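Working notes for the structure below.
A, B, C and D are the chain letters, set down in written order, and residue numbers restart from 1 in every chain.
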Amino acid sequence: MTQAARTISPQAQKIADSVERFVRDEIVPYEKDPRLGPHGPNEEMVAEMRDRARAAGVMTPHILDDGTHLTHLETALVLRRSGLSPLGPLACNTSAPDEGNMFLLGHVGNDDIKRRFLAPIVSGEARSAFFMTEPAADGGAGSDPSMLQTTAVRDGDEWVINGRKAFITGAQGAKVGIVMAKSEEGANMFLVDLPDPAITIERVMDTIDNTMPGGHSVVAIRNLRVPHGQLLGEPGEGFRYAQVRLGPARLTHCMRWLGACDRAQEIATEYAVRRRAFGQRLVDHEGVGFKLADNQIDLKHCELMIDWCAGVLDAGDPGITESSMTKAHVGETLFRVIDRCVQVMGGTGVTGDTIVERVFREIRAFRIYDGPTEVHKWSLAKKIKRAELTRLGETD
Amino acid sequence: MTQAARTISPQAQKIADSVERFVRDEIVPYEKDPRLGPHGPNEEMVAEMRDRARAAGVMTPHILDDGTHLTHLETALVLRRSGLSPLGPLACNTSAPDEGNMFLLGHVGNDDIKRRFLAPIVSGEARSAFFMTEPAADGGAGSDPSMLQTTAVRDGDEWVINGRKAFITGAQGAKVGIVMAKSEEGANMFLVDLPDPAITIERVMDTIDNTMPGGHSVVAIRNLRVPHGQLLGEPGEGFRYAQVRLGPARLTHCMRWLGACDRAQEIATEYAVRRRAFGQRLVDHEGVGFKLADNQIDLKHCELMIDWCAGVLDAGDPGITESSMTKAHVGETLFRVIDRCVQVMGGTGVTGDTIVERVFREIRAFRIYDGPTEVHKWSLAKKIKRAELTRLGETD
Amino acid sequence: MTQAARTISPQAQKIADSVERFVRDEIVPYEKDPRLGPHGPNEEMVAEMRDRARAAGVMTPHILDDGTHLTHLETALVLRRSGLSPLGPLACNTSAPDEGNMFLLGHVGNDDIKRRFLAPIVSGEARSAFFMTEPAADGGAGSDPSMLQTTAVRDGDEWVINGRKAFITGAQGAKVGIVMAKSEEGANMFLVDLPDPAITIERVMDTIDNTMPGGHSVVAIRNLRVPHGQLLGEPGEGFRYAQVRLGPARLTHCMRWLGACDRAQEIATEYAVRRRAFGQRLVDHEGVGFKLADNQIDLKHCELMIDWCAGVLDAGDPGITESSMTKAHVGETLFRVIDRCVQVMGGTGVTGDTIVERVFREIRAFRIYDGPTEVHKWSLAKKIKRAELTRLGETD
Amino acid sequence: MTQAARTISPQAQKIADSVERFVRDEIVPYEKDPRLGPHGPNEEMVAEMRDRARAAGVMTPHILDDGTHLTHLETALVLRRSGLSPLGPLACNTSAPDEGNMFLLGHVGNDDIKRRFLAPIVSGEARSAFFMTEPAADGGAGSDPSMLQTTAVRDGDEWVINGRKAFITGAQGAKVGIVMAKSEEGANMFLVDLPDPAITIERVMDTIDNTMPGGHSVVAIRNLRVPHGQLLGEPGEGFRYAQVRLGPARLTHCMRWLGACDRAQEIATEYAVRRRAFGQRLVDHEGVGFKLADNQIDLKHCELMIDWCAGVLDAGDPGITESSMTKAHVGETLFRVIDRCVQVMGGTGVTGDTIVERVFREIRAFRIYDGPTEVHKWSLAKKIKRAELTRLGETD
């Protein structure tokens, strides 16, 4: 049982409240903006929302002016509030992949990299993309990173990178790229200015989710030349850095989607209380009321799992196991929550009249993004086995 | 245990095989046609697919040239095959709402109505719409038909109809409308030529599904005047006729979506066998293989429930209870099936690269369309109670 | 879609009705008999119930006087009715393992074996046991028959058998044993008169189920000598014969437990209609009524799966895949059914005041007996993979 | 988000460790003691275990020598450890109903009542019973306390009580009784010395669980005369006092059963790692390994829910909603956990060879005891509705 200081500072609480007010008052109206297309909002709309966030003092709210972060526990509160609208994280700069990329560069980047690549992301001027996943059709790295096929070859003071990537969120429109490629030293991460003629967006995939500006792209990298100074950290350490990013990035996904489901529950509750069928309010039908009750319970233990994992990270542990447990649990649970919201609302639930339908689609994807649930269970089962073998004094 | 003649005639089997061949060979390629937008394929694309269906001899395949229908059991086979592509039913004219409307008019319409309104639907020249559901916001008829608010007032030889409708599938583009409205005699159905200036499409709703041409509309009816001869059957019998349509219409939904899931399972199986992760084929991971096994089992009992209910209908029973049980069961089960297909395919499962993602969205809506699962269970519970009270010799 | 003659003969229907009447009128009262202990009813009680069955003309009702069997489809009806009480199958001689053993000996045994070993089982004078499963602690054959460790060594005109067995249902009290043991020719089955001093019952296991007389035993076999004439069929063919028994035996389990759940649903329905809480009948609470509705749906598709599989067997197919699908599906589904019955009845559901609690425990075991659900899914997944590889023209 | 001091004192941690050591070393061996019958251990065995607990210094470990309690959060830790064996709570005096009764008397009893009735329970010399639930057949109070039928009539300085009770845990063998009965002032609780000739145990029910000594009884109360001084607190306040007991009592159930599932998971894990099938360790089959992974996740959020609710109680809130959410969630979740443990262990899982089978049965009952899950959801749904109506400024 973790006993780290599990408190939210008054400052963090205030930030969270500001973010909530901002999202509810200023961002919710954008949910019906016609500039929000199948691959997310267009650049104009993003810029407009971000200007509002700056004016409201809630741009990148989890990173303080001195560059320090809120604790993970505090971040959980702030990011959850930012997620009350699916557009909130984008507006406040708490969205994937930028949030994870900022965390990574903040922890591993040297001063030069922080200045050149991190600063414009933190300020919300630049968006970033993380080039890791590779196309299934090529037999490349999906959930199994050991299948990484993109190569980086040293050529004097430069690296030459070749390969193909898929599901690259926000590649279109990003100004900063972090490219994963293997060299003889192992895996590496490279910082890249975007766009770059050596990086071609072959197509933006049609995906079930559509909140991210730029959508998710399939990308070809052909003879991309990157100065050695843009290698993040040390050569061959790419997988280790990926782990630094991994735990927190998984967890912030959970935080944001928890907030989105909070809102969906509000919408479904109001619908169920106002609307009548068969002689009574919908909510008075146990078939409906029980769904809202289940949701209230489920939202609570998702919150508790997130806070628990945040506490582990705050205690300095990389939290790989804990974030894996949390991501798997929260992903599956929130899907049930949002599915119930849809069902409670009947026909209205499957229309774009409210955000419930959109959140349903986003969370369907979330069960796969950042590792399908099954990969997390597979990994947990391996750990359970190893621990038991150790206890028994046996080897496999 | 029903013991009706449960056989598929050689003729019906041949029709089913032709339909399958046609859908696989000629319609599957249209799945990537750019004319397929968020509210279904455009008119040009529909016309083109239907021309092919006529050429292949599979237009309205479940209605024979002499106007007779295949049995419900035979229809189950033919419509399932037509559903192997989400576009198949539209191409072959086995889709909702036309299929149900044809069934209704064939059973209740007089010769004049059959000639004027039914014939062009059967030939595939006209599409039709069924104006029953009303907007939730108005407190109108959703799952509870007794809340019907649209009115029909007799004025000489005409009826004057006023009201609002929602979720009117295919209203945009339809040439035939069946409008439900209440008069002092009770509920009524009226046949209407479309478009009509008294019927305004307020908006086409953005829905999670997008296979139906014309999508689903919110419609205002203002002083629509309909000659008395276009009243279907007798005044006040609208709910009874709705029941005639209800059982078969629910069931054909199940047939088509079963076919779509057959195909999704084929796609997911091929993916799981070809693709590798963590050192073996995906299918060799039990976490994946078990999902395909579960699907094989689930597809089988969905088929059996459909065939059972078809047998009840073929025996002359309206099958209200049986179609309710079947719709609830098949809807929920197929959703689990398609959800597993998505999950098996990982990232690819949530993209438009295959139809799996589309079928997932369609079947999410199917759990609500034609009565949310909960309404069917509510109705079943009432029947169970009444039967038990009768057995006990008690009254409520 | 199977199109075998799927009819119940008038004779079979009459048998089923007699069995139902007998079980309801004469066996249900035994459910509270104090002679029914933790390892099933005692011998006196078994004999008494069987005398009644003979008097009612329903002893071994699925095997006709001329030794022929009802079809599998007809058997499904008769055995389901016999299962309306957990004691019914024992009373009528339709219970495991006798039913499966009779089927096996009827199909594989020569005249001598039929006369000596089969006849007394059919007449209900002798009970039998099937010695196949081995103790987990020994690393013996559980779900994986290839792990068979019991040995049979030829010694002149006799075989000498050694090994240990577990979960041997009804070993205590059985007069006929079928022992599985491997020789250099492969697996074999031997017919044995019981009791035999070389077969020691080490202990009767305490199991969650307690309907079977004699319970489930752990047995040691030490230098058991069996004449060669008591080898069933040919040497080395034991696994093949096990397959003959396997499909039907799995399926008859499903039939009996379906009947037990029919009855549990009756009991739960009456309880929910009579009992009140929070101002209305329990059944009027959707949280209760929906459970009964779910059960009605689930009982139906279990019936349909059983009938489908019976049809496959009746068509002469060994039905290994179909019975595996059916057993896995029916086992898991009926567990949900009976779990709902328990929950509907609240505190009463977890007491021995009705059979619901007993059936709950029996069906929990059923999910494991005759192959845990997971083993069936594992086997199905292998078949799906092989079929797809064949379709693709690939090898593993 | 609760921010109460959420720490375990070193003293409490030490107590928890002692309890765990005691239960594992000294109580686990009693699990196979033949004195453990279908209605729990006999008195001799209880006394023997309690002597050991006293010797080990772990009798009533959550109540300190000065009569103060550990915090609820600390209690969660201690009671979970005591639950590592189903017999642990009984041995340590942390079991239901005594634990709840001690809490109630400690909070509501006057000095006389504490001395006469509480002290011997705390010391472990007396066991107690809580007479609240009434027989379903009488239409009495089950989940709906407003249906209370037992009456108390004032007669001079005494009360005369009449009625019937059911599911009275541990009535047989208890020395202290708390009897709920309604008078014209409302509901009341009376302290009673047991046995008393006016209280007849009609029968000890056969229930699926069998850990509690004395089992669960149906009891008749006929003209029981109780001095006014044995009325707990004030007349008519019985329901209010029931609420005092309610939250903590629900929660301690969760704590104990969480500990039991911890142990079941240990047993299943060892089994899955040691045992092999189909060429590998069971745990290497994802069908098994995923179950253990799911359990690890589920045990964690059950722990977190319990700790959260304990924090609410520690903050002085009665925690009615929170304990209802927690009880419903933990009950349903732990049932899935223990069901997976059973399934992982195959045939062994349904035998008494390990405690897994026993815990399975106990937790099945736990889903009903202290309010069936559905009653908690019903109550939550009501609260959600009321809160939303308030927010909307509407009335029902």
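Note that in this section contacts are C-beta pairs under 8 Å (C-beta built on N, C-alpha and C of every residue); 3 or more make two chains touch, one makes a residue touch a chain.
Keep in mind that what you see is a predicted model, and the values were worked out from it rather than measured.
Between A-C and C-D, more contacting C-beta pairs join the chains of C-D. The chain with its Cα centre farthest from the Cα centre of chain C is A.
Centre-to-centre spacing of chain A and chain D amounts to 41 Å, using the average Cα coordinate of each chain. Centre-to-centre spacing of chain A and chain C amounts to 51 Å, using the average Cα coordinate of each chain. Centre-to-centre spacing of chain C and chain D amounts to 37 Å, using the average Cα coordinate of each chain. Counting partner chains per residue, chain D shows two or more touched chains at residues 285-287, 290, 374, 377-378.
Across the complex, chain D meets chain C through its residues 38, 133, 136, 139, 142-144, 147, 166-167, 205-209, 216, 271, 275-278, 285, 287-288, 342-343, 346-353, 357, 360-361, 364-365, 367-369, 372-374, 377-378. Those residues of chain B that touch chain C in the complex are listed here as 1, 3, 6-8, 77, 269-270, 273-274, 281, 283-284, 286, 289-290, 292-294, 296-297, 300-301, 303-305, 307-308, 325, 328-329, 374, 376-378, 380-382, 384-385, 388-389, 392, 396. Of all the residues in chain B, the ones that touch chain D in their complex are 285-287, 290.
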